[in-house]
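Both complexes shown next keep subunit A, but they swap its partner, so subunit B is in the first and subunit C is in the second.
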Partner chain A sequence: MVLLQLALKNIMGAKLRTWLNIFVLAMSFILIVWGKAIVVGMGDQIIDAMKDVELGYGGQLWHPDYDEEDPLTINDAHGSIPDELVPGIEAGQIVPILMATGNIYPEGKVRSVLIRGISPDQQILDLPSSVLKDRKGVDYPALIGKRMARKNNLAVGDMVTVRWRDTNGVFDAREVEIVHIMNTVVYTVDVGQIWFPLETLQKMLVMPNEATIIALGKDTGIAGDLTGWTYKSLDDLLANVLELLRMKNGGGNIMYGIMFSIALLAIFDTQVLSIFRRKKEIGTLMALGLTRNKVIGLFTLEGSLHGALAFILGGILGFPFFRYFAVKGYAMPIEGDEYGFALGNVIYAKYGADLLIGTTLLLMATVVLVSYLPTRRISKMTPTNALRGR
Partner chain B sequence: MENGTLVKTKGLTKSYPIGGEHFLALKGVDLEINKGDFTGLVGPSGSGKTTLLNILGVLDNPTDGEVEVLGEDVKKIKAVAAARLRSKMLGFIFQTYNLLPVYTVFENVEFPLLILNGWSAAKRKEAVMQALEWVGLTDKVKNRPAQLSGGESQRVAVARAMVKKPQLILADEPTANLDAENSLNILETMQSLNKDLGTTFLFATHDEKVIGFLKRKVTLIDGLIAADEAGAAA
Partner chain C sequence: MMENKLIAGLAGVALVLLFNAPQSACANAPTPEQILQRVDANMVFESAISKTSMTITNRRGRTTSIISKSWSKGEKNALVEYLAPARNKGTKMLMLDDELYTYSPAADRIIQISGHLLRQSVSGSDLSYEDMMENDALLEVYDAVLDSEEVWDGRNCFVLALKAKKMEIAYPSRKVWIDSERYLPLKEERYAKSGKLLKKIEIRDLVRTQNRWYPREIFFKDMLSNGQGTIYRIEEIQFGVDIPEHLLTKAALRR
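And then the complex of A and B:
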């Protein structure tokens, strides 16, 4: 009780020191929460976009030879679409996608591309596939993304030569027409990709009724392998993404790590130094008969109170700041493209309860520790040595 | 320890490490302080007065020899018992005041009572105001140490040591920064505490005014007691 009274007195008496400590702690709290919320928001955003645009919500069936990380396997990974899927396909809830490698020749240059066939009537992926529906006078309608268009200087209505090998290994080529340029945050359906109607591509490759992967809508009831097809649950698919994300996320984590270190350094600096500067005071307290444990308790309590006040101040100062970044988002200093992921240019921060509680506990533990340890060390000295302030 | 003996040292030495060497600041001090004494340690600067007071105040460890303070063996005393001794029985006045910087004058003087159990707020206030009256500082209760002159700080330190009326007050140059009037005030207060309550005082001092009040004068030269004689007020 007396210790609390003394701690409060010290805190209120040392106005500047108290405010400095609390301010630094509050800023650290804000910085850490914000940094992590951006990283979390970024991850969630990537995953949501991938689900919407590329993965679907019901998992996928993969041809057993398909390996998304090995382009050389793609031309061999195709098989007949099982009959039992036809009703689902017609309803747009099951979406076979056929893939093949090829080249395009924009402005006389040659570029490797992944050619993809998708049903124009599909309902589950957030891709403007309906633009590939039959059009008068367009035999080979093609859909590309804005990055692909920019890179190859292609516009709607442009014709471009596409060359591929069919199922027998024979080269073939056609002039195709760009009918639409889609604006998507998902890099992997855009860069180096060109989309055709599924049936058109099946004809081009001489692979009637075949596909490479089959994306499933939410309620197809399929949750296991079919003959000739391997089932990948959404979690399996995401595991890949998450793994990639973890690797790619280095940038975000480094940013977070730097913020965290700055915060810890600032806390360490203000707390530890302010305690070492109070050596003489500690010596006085001991000389006046405060026991060692009480001295340690007093300073640790002060540290904890700093932490608690910082939490309140951090909440007050942080709330509008946090809100801004949750609602308006954070404009990435790098383009999502350079990041190599499905990223908009604006990241919306996500503050989970675990983040807030975790950061609070972490900072509390830090501030208690950086109060406790130096005080313990000083209070081991004789009062005269502490009083000398050395 | 005989009844009535508050402090007893035998062959007390204190060495300070300096670089690789040791400096012997006390070279074998035999001293007894009895209850009710009003004793001064005098001697040239550097003779070991502060060193001796610190050890008797259980603020520093002796290097060798025997030291008993209020029945406790200082060489063996545990930290908790030492803290209890300091808070309950001892008052210490530092040469450098050592006031708590964020506390007001009132709070500084109140502190020793606050850490003793059993003092109500009203009783504390009464005792603090009384102690501040002894040192003539009742008009500065709300000042902080940074807002005091050197002499005023010293008077606060004196009030802080005396407020709980301890058995033994160890005072290191308590009048060094005071003018004649304040010195006399404080000395008279100490003298009356000594007379009325039997509080024992041990000073380290150069001050002739203090020396004039002493019942007993112990001269320390170069870490040894050179003379132990009756004082001017004996």
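And then the complex of A and C:
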């Protein structure tokens, strides 16, 4: 207790030097927590959006020939929907999706598109598929995303020619009507894609009761391959995104490391300077009966108090800042899909307990270590030399 | 005496006209199958070496020309080497059945592409690889009905409506204007299953070579796009040439 009071008195005595150190450390703490919270928030937003809109929450079944990274496999990747899935499909909890490549001709320009068919009654994907249902007088109702609409200058009610080849390779082409333009952050269901009712697309492609992939709801009980279908868990489906986020996080850690090092360097420097300038004091303390270890403890405590005060200051200064970015979010200058992420243009910071406790513990542990390292010199000092300032 | 000479002269002229008249005027017009047979005799070949140019005009009226040399054997084996423009020079495409291999000298790599690429447009033109390399006998894949007889571009033509015999034919129906004397399709319309007109083809120039009529210049137009079409010109062609086996192999792409 005496040591603590003494340490506190000493660092307060250093006045501006102490407060500058605490301020730099507090700023580092705030920026590290904020930066990490933005990355965590971004990752969670991307994953949640993909699950909500594209993947579903129970994994997917893929036709064995389907390779999402090879568009040339799409037209060959289709198979009959297993009978055991029919009750789940009727309940809207299992969603077969059929895909084929084709072209659209907006304003006479030819563009490649991925044509997708989805049941208008599905309930697990956050897509406005119900707009495709029961369109009287519209034989080929089509749903597109806002990016697709913008790029091709299409609006609701527009007719556009779509050309495709059926399962036999026979050309077909129809005028389709854009019945809805959806606004989604998941660009992979938007860019270069056009959605039709599943049954309509099955007829167009002459692929009755067939699908390319089947999205599963939460409680379907399916967690393995079915005959002719390969099961992909959510971890499999998100593997690329998680890897990408890990890489981004790794890059961020280098920045935090540099920022943190600058703050720690200030503490290290202060400690070295203190020991150099306070040799007589160290000698006096030893002469008064303090063991070397207690003197080392005192100086380490002084350095560590910087960390503790920085944490308190960081908390006071950071709270409104953290709260603002958790509630209002960080507005990016461009939409997230420009970076290749299913993300809108606002990222909401997410501060988990693991992030706050982890960062605080890491900060404190390194501050204690950096405070301790320069004090090892004290163990080599003799009280007589120290009293003479040597 | 003068009157007899005049009658004999008129009879002679009538006979000449009769024998030189287009066959469409004859009472014994050929059946649609016979017409297709004679078209196939002109258009289908066992092997050929040709030099062609393809001029693509985009929506803004900008043109690009690609000059290439082809070695074709049978219906589905062909090697095409680009000679111009400079940036494409040396690029080769090898079609072996339904597989397409491309070789780029810049990358010095052979890439195998699935059969789906055969359906894609060649260098942004109105032709797909399938169109460019098509050498199927029409009689084998289409049933024909004589729709009418019309004059097209000053030539008497049989107008045939073709319906695919098999499910796997890219264009399920076509309408073809066939020169009734030379048995060459001067104009063709290719339709989608829905009946929508997809492609229009016109032979704008032709040549008589090695006992057959063959197109010299063909105009292709994708009717769904507002591009200005593609002109495919056969600068040189030689039929029945012995094409060495090794030329139509992947190893030949790097040579």
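The criterion applied here is as follows: the second predicted complex is superposed on the first by the 302 of 390 C-alpha atoms of A that agree within 3 Å, B and C clash if a C-alpha of one lies under 4 Å from a C-alpha of the other, contacts with A are read in each partner's own complex, and residues count from 1 in each chain.
Heads up, the rule we're going with is that a residue touches a chain if its C-beta (ideal position, glycine included) is under 8 Å from a C-beta of that chain, and two chains touch if they have at least 3 such contacts.
Everything numeric here is computed off the predicted structure, so don't read it as measured data.
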item	value
Partner chain in contact with A:V110 - subunit B first, subunit C second, else both or neither	second
Partner chain in contact with A:T161 - subunit B first, subunit C second, else both or neither	second
Partner chain(s) touched by A:N10 [first = subunit B, second = subunit C, both, neither]	first
A:V138 touches, of subunit B and subunit C: first, second, both or neither?	neither
Which of subunit B and subunit C A:M286 touches, first, second, both or neither	first
Partner chain in contact with A:G169 - subunit B first, subunit C second, else both or neither	second
First (subunit B), second (subunit C), both or neither touched by A:V2	first
Contact footprint of subunit A on subunit B as seen in their complex	54, 57, 59-61, 79-80, 83-88, 90, 92, 94, 96, 98-103, 107, 111-112, 114-115, 144, 160
Partner subunit B, residues of subunit A touching it in the complex	2, 5-6, 9-10, 13-14, 280-281, 283-292, 294, 382-385, 387
Contacting residues of subunit A [partner subunit C, same complex]	72-73, 75, 101, 103, 105, 107-110, 161, 163, 165-166, 168-174
Contacting residues of subunit C [partner subunit A, same complex]	59, 113-114, 116-117, 119, 121, 164, 167-172, 190, 192-194, 196, 198, 222, 224-227
